[in-house]
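I'd like to ask you about the structure that follows.
A, B and C label the chains in the order they appear, each numbered from 1.
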């Protein structure tokens, strides 16, 4: 493994791109959520701050920064301060193993007479292509439970404690159905790397000898897709599974006692986790960066097209997240747990068996 | 060079948090320090060219078992109970006994188990090869462990039930 | 590359810390956590030997150890809950009814 300066520079560039995109998701999603919910509920939404209320997110960010940071008297200070950081860990780190574009060979570029890149270096738009890719996502997602547990316990507030116990029980229950329904896509790809999962979906299914549909995993494994999407809603504590932060029930759940920047970190963590889950849904089930009926060449132009396709798909899934939030009512806690354990896990196992049959008959 | 820095840093983290686990009064702080220690061990597994086991360590140990510990500590409200301090003679014998044990162990490792060199080729554990081994050579332990986990689930459920009162009538449950 | 005996010494130190925890604490949950620490030290030793010997048997062993440790933690904590419910104490020195 020979590393040289260009490899390190390219890695830093990839990290900067991914982190920049992820940190900017929160303000954009806040605007989409508020205007989208207004659209669904037949009202206007914020339209005072800037055209179409576009600068509302900036106003919100300023409010968070300038608010007073209150720490309750009996709170355990160390854990109270650490908890929002733990909540950010799964949101920010799991995007490292998701491929967001087509890998291409960098052509020879010269700037002012000096060679910037010798030709032939492969640029892989994924921050860390480890060979156990998706296991890292499950590992880091299970660290997110600690943020909630520590937040609720260290606040020294019984509503926060109840909310955190409910939230963490919900998250660890739905992690199982998330993992088992993702296993079906990994079986089809034959590897744990997400780049292989995407490259397996770049083919076509030929129906009735004429119609070509893209070989995305959502078509043969629709049941797995539904279970994965529902579990992703439960993992990110979004409606219809957001009982832990329901305003009417538990004051504000596990972040009752948090104010200003710490609350903003929880808020950001929720939206970033939503974006990461959407990226994962798109990668596992909708072909990742693959444009449906077009074979992208391995050049910079092809990479840009695939990046655009990825962003469009993730945006559509994020809009579906917002849409579902403002359409469906909330699950009760016992209904939620029953759904997770008694419905989703058996159905996910059934899905694995069905996909195994499909793979055995070479239909996938 | 970078490997040595990572090794020393995470080895120190693991040892320091392990000492916090063993000595701190508050069980919640002990549990969270154990999570940090296990995470540092997972990083050391990656250094040892076992990324699959590292991911499994975080998922199973730091992500599930320690959450179970934290739930039990919080549900039983154990942080408010004062743990009686151990008798001084037991503390002294415990510390000195374990110190002697560690010193003997380290000395015998350095004397007899210091391998001269590592094999020259790198060895990446592939999930695919582990999967093949699990289903071919180790298929019997694999199935036996699944039965063991079932027994553990049933046992944990039975043990943690509240004793139900003897009800002669139908009982409005 | 880091020689194997560095990892073995680290495993030995962690094991010793775990032994110390089991011997000196009276809180049952802390004793469980010290046992988990000892199990992890053993896992580290297995993985470092697996790298030295270039064999996957160490990895498979660690896989099974983790599964069994999960089962043991679940049942042990259930026993602890049952004990706590009956005795209202977490001190293992108080659970002496079955002794001679």
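Criterion: contacts are C-beta pairs under 8 Å (C-beta built on N, C-alpha and C of every residue); 3 or more make two chains touch, one makes a residue touch a chain.
Keep in mind that what you see is a predicted model, and the values were worked out from it rather than measured.
Undergrad: Look at all chain centres (mean of CA atoms) and spot the one farthest from the centre of chain A.
TA: Checked the centroid distances; the maximum from chain A is C.
Undergrad: Using the touch rule stated at the top, which two chains are linked by the largest number of C-beta contacts?
TA: B-C
Undergrad: Measuring from the mean C-alpha position of chain A to the mean C-alpha position of chain B, what distance in angstrom results?
TA: 29
Undergrad: Could you tell me the distance, in whole angstrom, between the mean C-alpha positions of chain A and chain C?
TA: Distance between chain centres: 35 Å.
Undergrad: Quick one: chain B and chain C, Cα centre-to-centre, how many Å?
TA: Distance between chain centres: 6 Å.
Undergrad: Which residues does chain B have that touch at least 2 chains other than itself?
TA: Each of 52, 56, 64 in chain B touches at least two other chains.
Undergrad: Two or more other chains touching the same residue: where does that happen in chain A?
TA: none
Undergrad: Which residue numbers or ranges of chain C touch two or more of the other chains?
TA: Residues: none.
Undergrad: List the residues on chain B that touch chain C in their complex, please.
TA: Residue positions touching the partner: 3-4, 7, 11, 14-15, 18-19, 21-22, 27, 30-31, 34, 37-38, 41, 44-45, 47-50, 52-53, 56-57, 60-61, 64-65, 68-69, 72-73, 76, 78, 81, 83-86, 90-91, 93-95, 97-99, 101-102, 105-106, 109-110, 113-115, 117-119, 121, 123, 125, 129-130, 133-134, 138, 141, 145, 148-149, 151-153, 155-157, 159-160, 162.
Undergrad: Would you pull the chain C residues touching chain B in the complex into a rising list?
TA: Within the complex, chain C contacts chain B at residues 1-10, 12-21, 23-27, 29-30, 32-34, 36-37, 40, 43-44, 47-48, 50-52, 54, 56, 59-60, 62-64, 66-75, 77-82, 84-85, 89-91, 93.
Undergrad: Going by the contact rule set out above, which residues of chain B touch chain A in the complex?
TA: Its residues touching chain A are 28-29, 32, 35, 39, 42, 51-52, 55-56, 58-59, 62-64, 67, 70-71, 74-75, 124, 126-128.
Undergrad: Once bound in the complex, which stretches of chain A touch chain B?
TA: 76, 79, 130-132, 135-136, 138-140, 142-143, 145-146, 149-150, 153, 161, 165, 168-169, 172, 191-192
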